[in-house]
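So, here's a batch of structures to check.
Two complexes are shown next, each including chain A; its partner changes from chain B in the first to chain C in the second.
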Partner chain A sequence: MATQARPEQEFFCFRVGDLRLGVPSENVLEVLRAGLLTPLPRTPSFVMGVTGHRGVVLPVVDLLRFLSKGEARIGPRTRLFVGVSGSFVAGVVADTVLGLRRIPVSDILPPPLGGDAAAEHLLGVVQASGTQEAINLLNFTKLLQTARQRAVAR
Partner chain B sequence: MSLETPNEKPAGKPRAGKKPAASKAGTAAAPAASPYKPVTDALLSVLAGNLQTRVPREILSGEAAELGHLLNQVLEQFAAAEHRKQVAAQEIDQALDSLIALVREGDLSRWNTTTEDPQLGPLLEGFGKVIETLRTFVREINEAALRLSSSANQVLAASTQHETSSTEQAAAIHETTATMEELKHASAQIAENAGSVARVAEETLGAARAGRGAIGEFIQAMQQIRSDGVAVADSIAKLSKRVERIGTVVEVIDEIADRSDLLALNAALEGSRAGEAGKGFSIVAAEMRRLAENVLDSTKEIKNLITEIREATAAAAGAADASKSATESGEKLGAVAAQAVEGILSGVQETSDAARVINLATQQQRTATEQVVASMAEIEDVTRQTTQASKQATGAAAELTQLAGRLAELIKRFKAD
Partner chain C sequence: MNDVLAPEPGTDEVDILFFLIGDALYGTDASQVLRIDRSLPEDITLPDLGLPHRGLRALVFDTPEGEGHLKVDAVNGVRSIPVAALRRMPAAVAAAPYAVGVCLDEQAPRPVLLIDLVETAKTQGRH
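Here is the complex of A and B:
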């Protein structure tokens, strides 16, 4: 009843560096441990390398570099989630997985105007409420497209 | 002279005796024969004391004249003898006067009386010899008196000196006696002190013995502590190993929890993809994930605790090591202390013995001092008597000197030369 009255969207929420990000859960296939990465030459800096997963070669993206917010470090607890958009699949580095969260659509605020490069890939922002902190919700499809374009343009 | 006079007198007397007889006869015959009357008168006059009377020769004749002439001759001789007698008496008087003066004035040098009388000569010569002897005596006495005076002076000086020194000696002896008294008191004090020293040394000896026992116990305790410390170090090493083991176990648990977390996350994603049907599944998976996270939190805490325990055991091991070395040095110190106490024991023993010896010696000294004090008292007594005697001797010597002076004075009155 309430769900019908207040439509919700499920996001896969994680933290990388100082950023708290959310990705729509339909774009996430599964979560892995970040194993050994094979560096790939002639790629943009945000591509950390490739790794094999279920017989598929998976490029691994560092969102911090992509959004120009620093750079990620791979540790024993670092996670890698497999993001999918259409036919494109990529691994994304996450320091910590916060979990799946159902967020009412009405709570999603538009991204701030006049933002930097990150702002164009945002669906919106969930403001902090109670113990929950603000999370930037990413437009993963657009982000993946931009990434492909940048990789190819090179 | 004296011998001659009696000879002469009897010679005269018979004549005189004859004369009275003749005068008696004359007187008897006077009325008859007056021619003898002048003779008789002359005889009467001589008898009356007039020795100058002579018989007048012109009135006599015959036998009477011859008798008168003889009588006159007798009277003449008698007068001459009388005169000689007077001269001799005068010379004897002179000699006697001279002797008296000599004795009164003591001037023996003035004796030079001489005489022409051959009868008096030997007498005066005898007197002269006597005077000469007297002179020699006086000279010798004078000399002796002078010597006596100087000797008496010397005796007086010596006696005075003796008296002074005797007085000084008495004072010194008195002082010595006082000093000996003080010495006696001091030795009594020393004896007392030595006694208390011996007593204290005895107490110290007991205390040192107790200290020796305590140090022995201390060393034993130290050894116990050291062995205990070794045991503690062993236990700490074991604890450390166990903790390491716990760490590996916790690592395994951590790994499992991590995998569980991942599995739960993927299960939630699967549930999400199943749509409305997988909703419950998703909730369970989320719950499982929370459990896994709880486990991870707990293992993190355990890891922290293990780190702390590791630090604590390291500190404990260090402390055990320090305790070991401390107990070792404590044992060494105990050994040193034991040695020191042994030294103290022997020293105190010696002190005790020495104090006892001192006590004994001072007691002997005290008795000896008492004897000395007694002897000193006797000596003081004797010295007092000596002083008294020397005072008397000085008095006597002074008197002697006076007497010698007086004797010399007296002798001076006799001039010998």
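Here is the complex of A and C:
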């Protein structure tokens, strides 16, 4: 008897600080070394600065600061993934790249009710196997929209 | 006000004057700079650009209200930079109005922030 295919969604998964996060793979263009950033005056704290990549100026976003979960540190092993939503492109800090994961849609649990402000930017949560921590799946499009609104509204 | 990212008609390069405030390297349209002078205590300092170590020099520029003086630590010279290496600041980051763009210069290890000197005077509110 043929098994019925379970619909899946592909996520780019990474670790930053103590968080394991996932972003829909269609929102990720590429991954690069963080390199040296140029700080910008008077930007929100979650904008760490800008970097140049392939002739484009990329704002670099610290998700830990954005989600009020601490702050990212740039080291020699730090990576940036180039995230895109519509016409907006940004570099996002990742301490470790966990890779692309195909996750059955039925395994994605809804974001916790009554969670903190970070929960409003989650698509859901997927429980990892074994002793591994859960992966929080980000609504990257909404996250970038909020980031732009926060930046402009100051 | 000069547009720091606008080249002279018929040219594809802009003369950028590079300067240091503290350890941070910045650039500005060299045509905005009237002269480099000794700094005075009342000259402009913008904490957002970093505090000068000693700030013994000042970039002097013209504004509608008179001369403006921005305190700097050192001037690293003027180089002609291809317009193709200059980028406007992404609007989405909502940076300070005097941070008008960046220079993706191969000789610099990181993008160099381009400063509109006249806007620094407006931000400071005095000259």
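Definition applied: the second predicted complex is superposed on the first by the 148 of 154 C-alpha atoms of A that agree within 3 Å, B and C clash if a C-alpha of one lies under 4 Å from a C-alpha of the other, contacts with A are read in each partner's own complex, and residues count from 1 in each chain.
The criterion applied here is as follows: a contact is a pair of C-beta atoms (placed from the backbone, for glycine too) under 8 Å apart; a residue touches a chain by one contact, two chains touch by 3 or more.
Source: prediction; values computed, not measured.
In this superposed model built on chain A, chain B and chain C occupy separate space and fit side by side. Contacts of A:V152 after superposition: chain C is touched, whereas chain B is not reached. Measuring from the middle, so to speak, at the Cα centre of chain A, the directions to chain B and chain C differ by 90 degrees in steps of 10. Applying the stated contact rule after C-alpha superposition, one finds that A:L98 touches neither chain B nor chain C.
Applying the stated contact rule after C-alpha superposition, one finds that A:R77 touches chain B and leaves chain C untouched.
Looking at the superposition, the partner that touches the larger set of chain A residues, chain B or chain C, turns out to be C. Using the contact criterion defined above for the overlaid structures, shared-chain residue A:L40 touches chain C, although it does not reach chain B. Residue contacts after overlaying the shared chain place A:E30 against chain B, while chain C stays out of touching range. The gap separating chain B from chain C in the superposed three-chain model is 19 Å, by closest C-alpha atoms. Chain A uses no single residue to touch chain B in one structure and chain C in the other. Within the complex formed with chain A, the chain C residues making contact are 24, 46, 48-49, 84, 87, 89-90, 92-96, 98-99, 101-102, 104, 109-113. On the chain B side of its complex with chain A, the touching residues are 258, 262, 265-266, 268-269, 272-273, 282, 286, 289.
If you check the complex, the residues on chain A that touch chain B are 10, 12, 25-26, 28-33, 77, 79, 97, 99-100. Residues 35-44, 47, 50-52, 55-57, 59, 88, 90, 147-148, 151-152, 154 of chain A are the ones touching chain C in the complex.
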